[in-house]
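Each of the next two complexes has chain A plus one other chain: chain B in the first, chain C in the second.
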Partner chain A sequence: MINILGQVAEGQIWQPTLTELSYFAPELVLVATLLLLLIGPLIAGRGSGATLVMVVVGMVAAVVANLLVMNQVVTGPVSGLAPAAGHMLLVDNFSIFFKFFLLLFLLGVTVLWMVGSAATERNAPEFYILLLGSMLGMSLMVSTMNLLLMVMAIELASLPSYALVAFDKRNRPGAEAAIKYVIFGGTCAAIMMYGVSLLFGVFGTLDFTRIAPQLVEIFENLAQVPASKLALLGLALLAMGAGIAFKISAVPFHFWCPDVFQGAKIEVTTWLSVASKAAGLCLLLRLLQVLAGSAHASGHGFSAAFYLQVVTGVVAVVAAVTCLLGNLAAYRQQSVKRLLAYSSIAHAGYMLMLGAIVLTGDVTQLVWQTVVIYLVMYLLMNLGAFGATALVIGQTGSDQLENFTGLGRRAPALAAGLAICLFSLVGIPPLGGFIAKWWLLWALGQAAMQQMHWWLWALLLWASFNTLLSLFYYLRVIRQMYLVNDDRPGLKVPAGGVVLINVCALLLLLSGTLLVNPIRQKVGRYTDHIFGQSPASIVQVNQPQNISGNQLDGRSRERIDTQ
Partner chain B sequence: MFTAIGLTHYLLLAAMLFCIGLWVMASKRNAIGVLIGVELILNASNINLLAFARYSTGGMNGHLIALFVIVLAAAEAAIAIAIVVNLYKNFMSVDVDKAATMKN
Partner chain C sequence: MNFKYYIWVILLVSSAVLLCGGQTALAQESAAAAAIVPASGPLEVIFFWVLAIMIIGSALWIALTGSVVRMAVGLFFSFGGVALLFFLLQAYFLGVVQLIVYVGGILVLVVFGIMLTSSSPHVRYQVPRMELATTGLVSLLLFMVLGHVLYHAPWSTTGPQLPVSMNELGRGLLTDYLVPFELAGVVLLVVMVGAAYLARQEKR
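Take a look at the complex of A and B:
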């Protein structure tokens, strides 16, 4: 009975047709680029220029492949490989959006790298192999509902990241950050795998769309479920939570974040701050979405509703604490990289609040609109802020706050772009960050109105209060740039970097003013079909299969009891 | 006392291995020791998978998943040991407590 891929008939190995395989094209292109980067340097040399050409070719090919897949998915009735392969690989509008998101961000990081360290980099091919490897892992993280592939994807995203942090071998902070990262990350991944193995034992499958309905059923009849099974299940869910919380850097799994961000090279820090967290968040939101969908489909009763509320409550509390901790710890920082690391923890907290409302069901569209808008704005803000920091580090050799003194006079264009990005990170109108936060608060408010839960209103107030808190530490940087003055000489920052930062700033400015309506319409239309079909139906595809799942499940319960 | 060995025994063995792994990670200061703790946890999940596949549910899937986990553990060990070597070159020590120069 080899049916690791899920829905394939017993005794038969799933063999994809060419059409099915073509949905996998963006990932295949990434793999091809990886191979090109391994073999290419033998012919073209190991220079940064040759590497860049190969990377750009790969990126263009990946964009084209993604566009082609997008057209197929939008016009076709099914969402990619999902029905055939038991959710081992989902190709829907959301995973396609996320691949575009990663490619856009890779472009930004590449520009940053070209401006900053390309000239002195002696291991350019390896840098990009690791970067693209982690990108492949991240794109798989949001394209699967199978827990095994989920763990593999998280590891595929993490392992190259560990190496990237220690990429500069003579950098002591980098070596220290990498050992902390690998120990912390390895532990969380191992614990997560232990949880997955327990889930496999309880449900007999690792396809989450088949696990979710059974989970709802267990919640519904909690009194009848044997205690041994409940213990396994509780432990399994906790362990899963640990693995995902590590990727998001949610409290209490955030300790790695500031050290890694400070120790790593600035391009790597930029990459991790957005891509890695976004992938973890989208993975969690998708899991919760499927859980909500199956709760909705089964017309669950009071008991299940109560325990889903408990899950929601846990996510909400973690989100609230993550927000507060990020904002409070950012105050004392003298290192701007570290300050931005805590700021990214706080932003992860804001986005995690969406996890608390996705389970309430009726605001699904709004939640996914917020995810799309928030992620794009967050990308622009962080790229701008980290990019400006990279330029300052490049010119002064350190990221201490005192090096930003008088930047408004020493490098006016750079300082203006950075100031806009920082104001946007606070969420001050009329900038993109405000639009993102507005959407978040709107979604929270809508959910609170529909559900009449006081704690959703509390969460909304908490988010606003934290925004206010965050204002002051961002202002510290801006104050240092404009109000503190001494007679330091002007900075000769590379033009490419200044252009990159100001493009980010300009886009943030536009999306907060002229483009508000187009964005709303575009995103609204996009999220209508974000899962290819309607959100609930990705659960229903597999309903008939549940029968066998339940049988296996019953047998396992018997076995555990008789022991 | 001397009943046939079944699923529960294997699950308990795995749980013990998991706890030992956690304890090793928490108590060892040597980076290699900590990594051994991680490997113990991964192998605890392997025992779980095989025991479930043999005694209760999932058929061959459990065996296949365990193969994936073994590969994952190997990849992780390769990267982690490279990073430990790098740590040694920079700090002349593999003590994780020595690598604590970054402060708030």
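Take a look at the complex of A and C:
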């Protein structure tokens, strides 16, 4: 028999130290909030109010924890919670940003929920357990480089979402949408796991930071690598990409999106439209970033490795098609939820274009800054647009376009906020959406200037062309609100909802005008020293198994890239 | 009435296989520390082909039969065959897990699901011809691509040495793979809450 406890006491067996755990405090706080929501109702009852208090306590604790960690990782990413399995969990400035982003969004969705359905909701604790569960999954998706944990995080983000879509049990379209979502999501997850297991079979490790240099090496010596191995790698990467593309709802995997968005409760739709896509996108960017870092480290840049261009090309084509399809399909929609669903597909396409240029090397910093700005603006725009739709649904019972008729007269404050959000979704100056698009085009242009590839210019033109296309269907809603008029009675919308929408609109207005410079200065705070950016961070230090707890404190967390 | 017998047969056979599997695993576990002979004798080859035919045959049966209960029976042989294949490859723990989770858990769940939800256990499952043709074509293409690529692939042989002892496995789960291990608990908790919520009858 082995005396395990003795070995732990002597420090021969690894266990996480307090400092190490403190880096992942925000995640732990989220889990604690989940448990609180499970146990709390036994004492405080299942009412919406009590649940709300618990959620707010959890959110505040998570913000505090995130703030405490924030200053620890300013100078470089930290990885830990595993002695030898590589970058199991990691924290860097961007993952800090992403947690703030999710918390802010959760706050918005909570306000929406309070205004819309809190009064009639009888299952508030379950709703928030599922919501927080998917949030934990999303935040882990952006904080890991281990393929196993990545798959599990995607599952943790997806599985509660399926249940959330079917949350309103009296709603048959919701149940149907949930079934479609489950089947589609399950298949994509299976394909993804297949790809990941193939990668494991080829490389013998699940740590992507160890896989990436080998991938780059293979790409650079294409002539010596047998074709059979390339085919296997291509298959594995394609299968892995399918799972991520499902989360982003990029084109061949977008079918679930309109049905689910239309069928689900509007709070859930809002949540999925931003958070789920953002998490998938950031995960993809992280993987590509590590790949780019490895290519950089090996001395060959982007242009030396032909295969990297193939990866980039695939991402670019998917992004371009996603944009076009989202914008074209949005035209014919009569349901505003469905219209916004296609609009979110188009926006996923715009953001996916950034994935195409991460690998080009010199513009990575700009790419990450663009992601931060675009995500924040996209959050505000979508929260406003979906929030206004929620209020209209709450008053008229349906989200058909005709219910928006004359909204400019029937509910002027609501209509004004919605109009600003919609104009911002198009990207009209001087709104926040314009700033986001501007950064996107700027990043694409920079990449095109440096690489001198015609297709990067084409991508830039394509993004602008699609912006033009999108103008018309957003304008349809605005036209219906202001220019079509009949004698419908005025709407009495709840004040809280109008305030939420107008706060979003105001922030969009400000960020497009007065706040442009502060934003530009602030954004660097979250995009410096990102994991995988510099070649040094790719080096994996193997931890010796038999070291004492005190030594481990300093060693198991590697601080990387301190310059 | 026949339906009941199906369930009894499945429960009995699965528990028998479970017992046998557990015994083998325990016996092999103690022997694992001793020298390991790579499995490539004639008996292994014969056993492999028998299992392969069993797994693929029953999988095909699942896809082609119309009766939901027969599908469950096919599933039993398919899952059981995979478990035995794991034993053949000296992945004893994986074999036992396959038996407990898939044969003992999921399969019985499927059978109960059929029994509790449908009005008649012998529901026929009809697929339109057109769908059958297109899915058949897609599956065939997928099979050809996967088969071709996987058959010719040069696999890495530097993976972990099998069999891994239970001690190493347990230690791995609580050190290197502590985070995924704990996360699995959170996933299950959240999913359980979701499932319980969806299955609960709403009080009027």
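Odds and ends about this structure:
Heads up, the rule we're going with is that the second predicted complex is superposed on the first by the 496 of 563 C-alpha atoms of A that agree within 3 Å, B and C clash if a C-alpha of one lies under 4 Å from a C-alpha of the other, contacts with A are read in each partner's own complex, and residues count from 1 in each chain.
Assume contacts are C-beta pairs under 8 Å (C-beta built on N, C-alpha and C of every residue); 3 or more make two chains touch, one makes a residue touch a chain.
Bear in mind the structure is a predicted one, so any value in this text is a computation, not a measurement.
Once the two complexes are overlaid on the shared chain, A:180 sits against chain B while remaining clear of chain C.
Of the two partner chains, both chain B and chain C are touched by A:166. Once the two complexes are overlaid on the shared chain, A:68 sits clear of chain B and of chain C alike. When both complexes are overlaid on chain A, the residue A:413 reaches neither chain B nor chain C.
In the superposition on chain A, A:231 contacts chain C only, with no contact to chain B.
In the superposed pair of complexes, A:515 makes contact with neither chain B nor chain C. Residue contacts after overlaying the shared chain place A:204 against chain B and chain C alike.
Looking at the shared chain after the overlay, A:258 reaches chain B, while chain C stays out of its contact range. After overlaying the two complexes on the shared chain, residue contacts for A:136 are found with chain C alone; chain B is out of touch.
With the contact threshold set out at the top, residues 2, 148, 152, 155, 159, 162-163, 166, 169-170, 201, 203-204 of chain A are in contact with chain B in one structure and with chain C in the other. Contacts from chain A toward chain B in the complex involve residues 1-4, 148, 151-152, 155, 159, 162-163, 166, 169-173, 175-180, 182-183, 186-187, 189-191, 193-194, 196-198, 200-201, 203-206, 258-259, 262-263, 329, 332-333, 338, 552-553, 555-556, 559-560, 563. By the touch criterion stated above, chain C contacts chain A in their complex at residues 145-146, 148-150, 152-156, 158-159, 167, 171, 175-180, 183-184, 186-187, 189-191, 193-195, 197-198, 202.
Those residues of chain B lying in contact with chain A across their complex are 6-8, 11, 14, 18, 21, 25, 31, 34-35, 37-38, 41-42, 44-46, 48-49, 51-52, 55-62, 64-65, 68-69, 72, 75-76, 79-80, 82-84, 86-87, 89-91, 96, 99-102, 104. By the touch criterion stated above, chain A contacts chain C in their complex at residues 2, 13-16, 31, 34, 38, 81-85, 88-89, 123, 126, 129-130, 133, 136, 140, 146, 148-149, 152-153, 155-156, 159-160, 162-164, 166-167, 169-170, 201-204, 226, 228-229, 231-232, 235.
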